[in-house]
Amino acid sequence: MSSQEHYGSRLPYKFLIGVVTLVIFFLEAPLIILVIQSFTAESYLSFPPPSYGIRWYKEVLTSEDWLNSISLSLTIAAIVTPLSLVLGTMAAFALDRGPKKLKNGLQTIMIAPMVLPHIVLGLGLFKMALQLDIDDSMLAYIPAHLTITIPFVVISVGASLQTFEQSLEEAARSLGANRFWAVWYITLPIIRPALIAGGIFSFIISFDEFIITFFLTTFQRTLPIEMFSTLMYQVKPSIAAVSTLTLAVTAFLTAMLILRGQVTSGDKVIK
Amino acid sequence: MSSVELKSIVKKYGEVTAVASIDLSVESGEFVTLLGPSGCGKTTTLRMVAGFIRPTSGTLSIGDVDMTGVPPHQRTVGLVFQNYALFPHMTVRKNVEFGLKMQKVLTSERGPRVQEALELVQLEALGERMPAELSGGQQQRVALARALVIRPDVLLLDEPFGALDKQLRDHMRVELRELQQKLKISTLFVTHDQDEALSMSDRIVVMSEGKVSQVGKPTEIYEKPQTRFVADFIGRSNILVGKVESKGKTINAEGLILPNKGNVVAGAEGISVMIRPECVEITQSGSKATSTSADVKGKVTASIYLGSIVQYSVQINKGPNLVVTQNNTGSENLKNLTVGDDVDVSFPDSAIYILPG
Amino acid sequence: MSRNSDENYGALWLLTPTVLLYVATFFVPIIMLGVLSFARFEMSVTTIGFYFDNYIKIFSDGITLKIFFQTVRLSLVITFWCLILGYPVALMMRSCSPKMKMVLLFCVVSPLLTSIIVRNVAWLLILGRSGIINDTLIQWGLTSKPLPLMYNEFGVILAVVHVYLSFMVLPLFGALNSINSSIEEAASSLGAPSWRVFLSITLPLSLPGIMAGCTLVFILSMGVYLTPVIMGGNFVLTLPMLITESVREQYDWPFASAMALMLLLAIGFMVILSSGVQKLVGRR
C-alpha cells in the first residue's frame, strides 16, 4: 500500500512507528503483567513470580464473599442486558422512523445520560432511591444501570438503522407482513451485528459499573465494589486473580463482538 | 373489470402537492406505464397503490374493492423495487417463499408454488443461492418471482431496470413483457425511460407536475402528443411557435413557412408546431432535391455522430434553428455533410404536426 | 431519493418506556439535586428553601474552590497527555495497512471494554511501593528506598490517561480518516516538506476531531472518582471525592448537590467553549 508514503520522507514515519509502539505497550503491558502475576504460587505479589500455580483462583472461587459479589454482578448484568436491548432498540426505531424534525432533539435526550458524569447521576439516583426506599436492592440497581446502558444500544442500533434499506421492509409488507412481522423477520436479522454489539456493551458496562452502584448499596456488594473494598484494605494476589477473571469475561465478549461481526458479513459470501 | 382504479386521487405534503387529482385505471391483463420526469408524482402514485402512502383525498380500488385506507399487507399487490429489495439474509427460495408464509399458505403447498414461480423466471437451479451471489439480471428475476408467487391482483414495477446495464435492460424488457402477456397479469409500471414505456406498454400515462398530461397507446403518445410537454418529453422534437397566414393556407413558424396541414383557422396565433427531427430531409445544395411540400435552404451549424444516426443542427435561412437526424446508412450524401455546408431542407407532410390547443 | 412519506408520529410511542425510565432516573433526580442545592443544612437537618449557603460555602470555605480548580487542572493535564499520546496512534491507524489497522483498533477499543478497576489494579502492581518498578530498581541497587510513583498526582494522571486514551483516539481517527489524502499529496507534490504538509494541512483539518476528543476526555476526567481514590490515596483530592464524602460520611446533601451542580456548570462551560471554538475555526 502506497499510503505509507504520505509524507514523502521515511524518517518521520519510522519515528511515528516508534511512538505508536510505545503507546501500545503503555496500553497493553499493565494488563499482561496483571495476568501473569495472578498465577503466582506465592502469598505475595511480585514480578515475575518465583513460582506459578492457580492457588489464588482456587481461593477466589471458594470464597463466599467473592462468589456472592460475582453472582450479584452477573445477575444484574443478565437482567439489564435484555431490557436495555429491547428499550434501546425500540427507542432507536422511534428516532429512525419518527418525524424528522424532532429527531435531533429526541436523540439528544435519549443519549443525555452518557454525557452526564456518573458521579452526578449516581448522586441523583441515590437521592431518588432513598425517597422511594428502594436503595440497596435490585429495584434501584436495574433502572440505574439501564439508564447508562440504553444510550449505547440507541447509538449502535441507530447507526445500523440509518444504513438499513427501508425498501426491504416495504417489500415484506407488500408480501403480506404487517409492520411488526416485517421488522421481526427482515429488519432485526439484518441489523443483528448492531444488536449483538449493543447487548455486549450493555453487559460489560453493567458488569463493570462502580460509582453509581457504590452510592446505591449499603450491604450488598457487586464485584467492582467488592474489589474496591478489598483493595482499600490490602493488595493480595487474590485481587489479581479476580481481575484476570473479569478480564477473561470481557475479553471473551469482545472476541464475540468482533467474530460475530465478521461471521454476519462473511456468511453472505460463503454460504 | 378493472384491476386498479384511481378516482380523483390527491396527495399533499403540507403545502406541497405531490399528486393533483389523478384518474387512472388499469384494466384486467393490461400493461399500463406511468411515464414522466423525476418529481412528476409517478412513484408517489405507485406507492399509493401499494399502500405505503395514504392519499389526501380520492378513492382507490383494487379488483373492484375499495382499498383507500387498507394497509399494504392486506392488499394483494406484487411489488418490484428499483433496487429489487431482496432479503439479503435469505436464500432465493426463502425470499420467494416469504409472501406465502406471511399469507399463511400451508407448508405443503408452498414448495410447489415456489418451484413454479422459480421456473417461470428460469431460476429453478439457483434456489439455494444467496441474493448477493446472483447477477443483476438474476436478482431482478428473483424479485419478479417473489412478487408473482402470491398471485397478486396487480403487479407494480418501480423502475425495475434502473440498476441494469443497457444490454441486459433491453433483454429483460422483452422477457418481462412476454411473461406479463403469458400470465395476463395487470401491471402498473413506473419509469422515466421513454424507450421502455413505448416498447412495453398497452397504454402510457404521461405525468408532469403531479398531473396526467396524456393517456394513450404508445403510437398516439409519440405521434399525436396532446400537449407541448408530451411533445417535448417523448422523443426528440423541434417545437416552433407560429401563426396562420395567407388566408389560412400557410403557417409562419418563427420565419419558416409551412403548409397549414391541420387546417387551423385563419388568423390564429401562438400555434405550436412540432417537427420530428427524423422526418426532415436534408440534402446538400445543388444535388437533386426531391419535390416535397416546403423546400427551404439552410446551413449546417453542428453535426454529432451518434452511431446509428447522425444529428445535425441546421440554421434555416431567415428562420429557426432545427435539429435534424438522419439514419446512418453509410450513403455518400450523409458522409459529405459537414459544418458550414449549405443544404436544401424539405418537410414531408408526415413531418409536421400541429399541437392541439 | 427524498422519501415521500408522511411524518410518522405513531412511531414515537416506542419511546415511552425509555422516556418514563429517564424521567425517574435522570430528569427528576437532577431537578431534586437542583432544589437541594438551595436548601439549608444545619445540625444534620435539611431545610428546603431558597438559600445560597452552599454556594457561598463553596467559595468561602477555602478548600472546596481549591479542590475544584485542582480537578480542572488535573483534567486539563490528562486531556493534554491523551492528545499527545493519542494523536500519533490515530495518525498511524490512518496510514498503515488494513491488517495493522485492525490490530491497532483492537488495542484501542479493548481498554474501553475493560473494567477501570482492573486497570487500576494493574497499575497498582507496577507503580506501588513494592511494585515491579520499585522492586527492580532496588534489586539493581539503583535506589535504596522506593520512589514515590503513586499516591501522588503522577500516579493518578498516568492511570487516568490509560483509562481515557481510547476516548481520544477514536474521534481523532474519525477526523483524520475523513481528510481526503489527495490534498496532502497535492501539497507534497508542490514541494512542501512532510513536516510542513502536516502542520499546514493535516493538523488544521483534523481540528474538529481534536476538539471532540479533548472535550470528551475533559468531561470524563472531571467526573473521575475511582482512579484518584485508588492511585492517589487521600493525597490527591478531586471534586467527585468531595461530593461522595459529604454524602456518604456527613449526609450533607445540600452541599453535595451544590458541588454536583458546579461540576455540571464547569462541564457545560467547556462544551459551549469548544463548540464556540469549532464555529470560529469553521468560519475562517
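Note that the chains take the letters A, B and C in the order they are written out, and that residue 1 is the start of every chain.
Note that a contact is a pair of C-beta atoms (placed from the backbone, for glycine too) under 8 Å apart; a residue touches a chain by one contact, two chains touch by 3 or more.
Everything numeric here is computed off the predicted structure, so don't read it as measured data.
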{"item": "Which two chains share the largest set of C-beta contact pairs", "value": "A-C"}
{"item": "Chain nearest the overall C-alpha centroid of the shown protein atoms", "value": "A"}
{"item": "Subunit B and subunit C, separation of their C-alpha mean positions in angstrom", "value": "60"}
{"item": "Rounded Å distance, subunit A centre to subunit C centre (Cα mean)", "value": "18"}
{"item": "Whole-Å gap between the CA centroids of subunit A and subunit B", "value": "55"}
{"item": "Junction residues of subunit B - those touching two or more other chains", "value": "52"}
{"item": "Touching residues (chain side subunit C, partner subunit A) in the complex", "value": "3, 7-9, 11-15, 17-19, 21-22, 24-26, 28-30, 32-33, 36, 85-86, 88-89, 91-92, 95-98, 104, 106-111, 113-119, 121-126, 128, 130, 132, 135, 162, 165, 181, 184-185, 188, 193-195, 197-198, 219-220, 222-223, 225-226, 230, 240, 243-244, 247-248, 253, 256-257, 260, 263-264, 267"}
{"item": "Contacting residues of subunit A [partner subunit C, same complex]", "value": "1, 3-4, 6-9, 12-13, 16-17, 19-20, 23-24, 26-28, 30-31, 33-34, 37, 45-47, 87-88, 90-91, 93-95, 97-102, 106, 109-110, 112-113, 115-121, 123-128, 131, 143-144, 146-147, 150, 166, 200-201, 204, 207-208, 210-211, 214-215, 224, 227-228, 231, 235, 239-240, 243, 246-247, 250-251, 253-254, 258"}
{"item": "Subunit A contact footprint on subunit B (complex, rising order)", "value": "50-52, 71-75, 77-79, 81, 83, 85-89, 98-99, 102-103, 130, 132-133, 146-147, 150, 156"}
{"item": "Touching residues on subunit A, where the partner in the complex is subunit B", "value": "165, 167-168, 170-178, 181-182, 185-186, 189-190, 268-269, 271"}
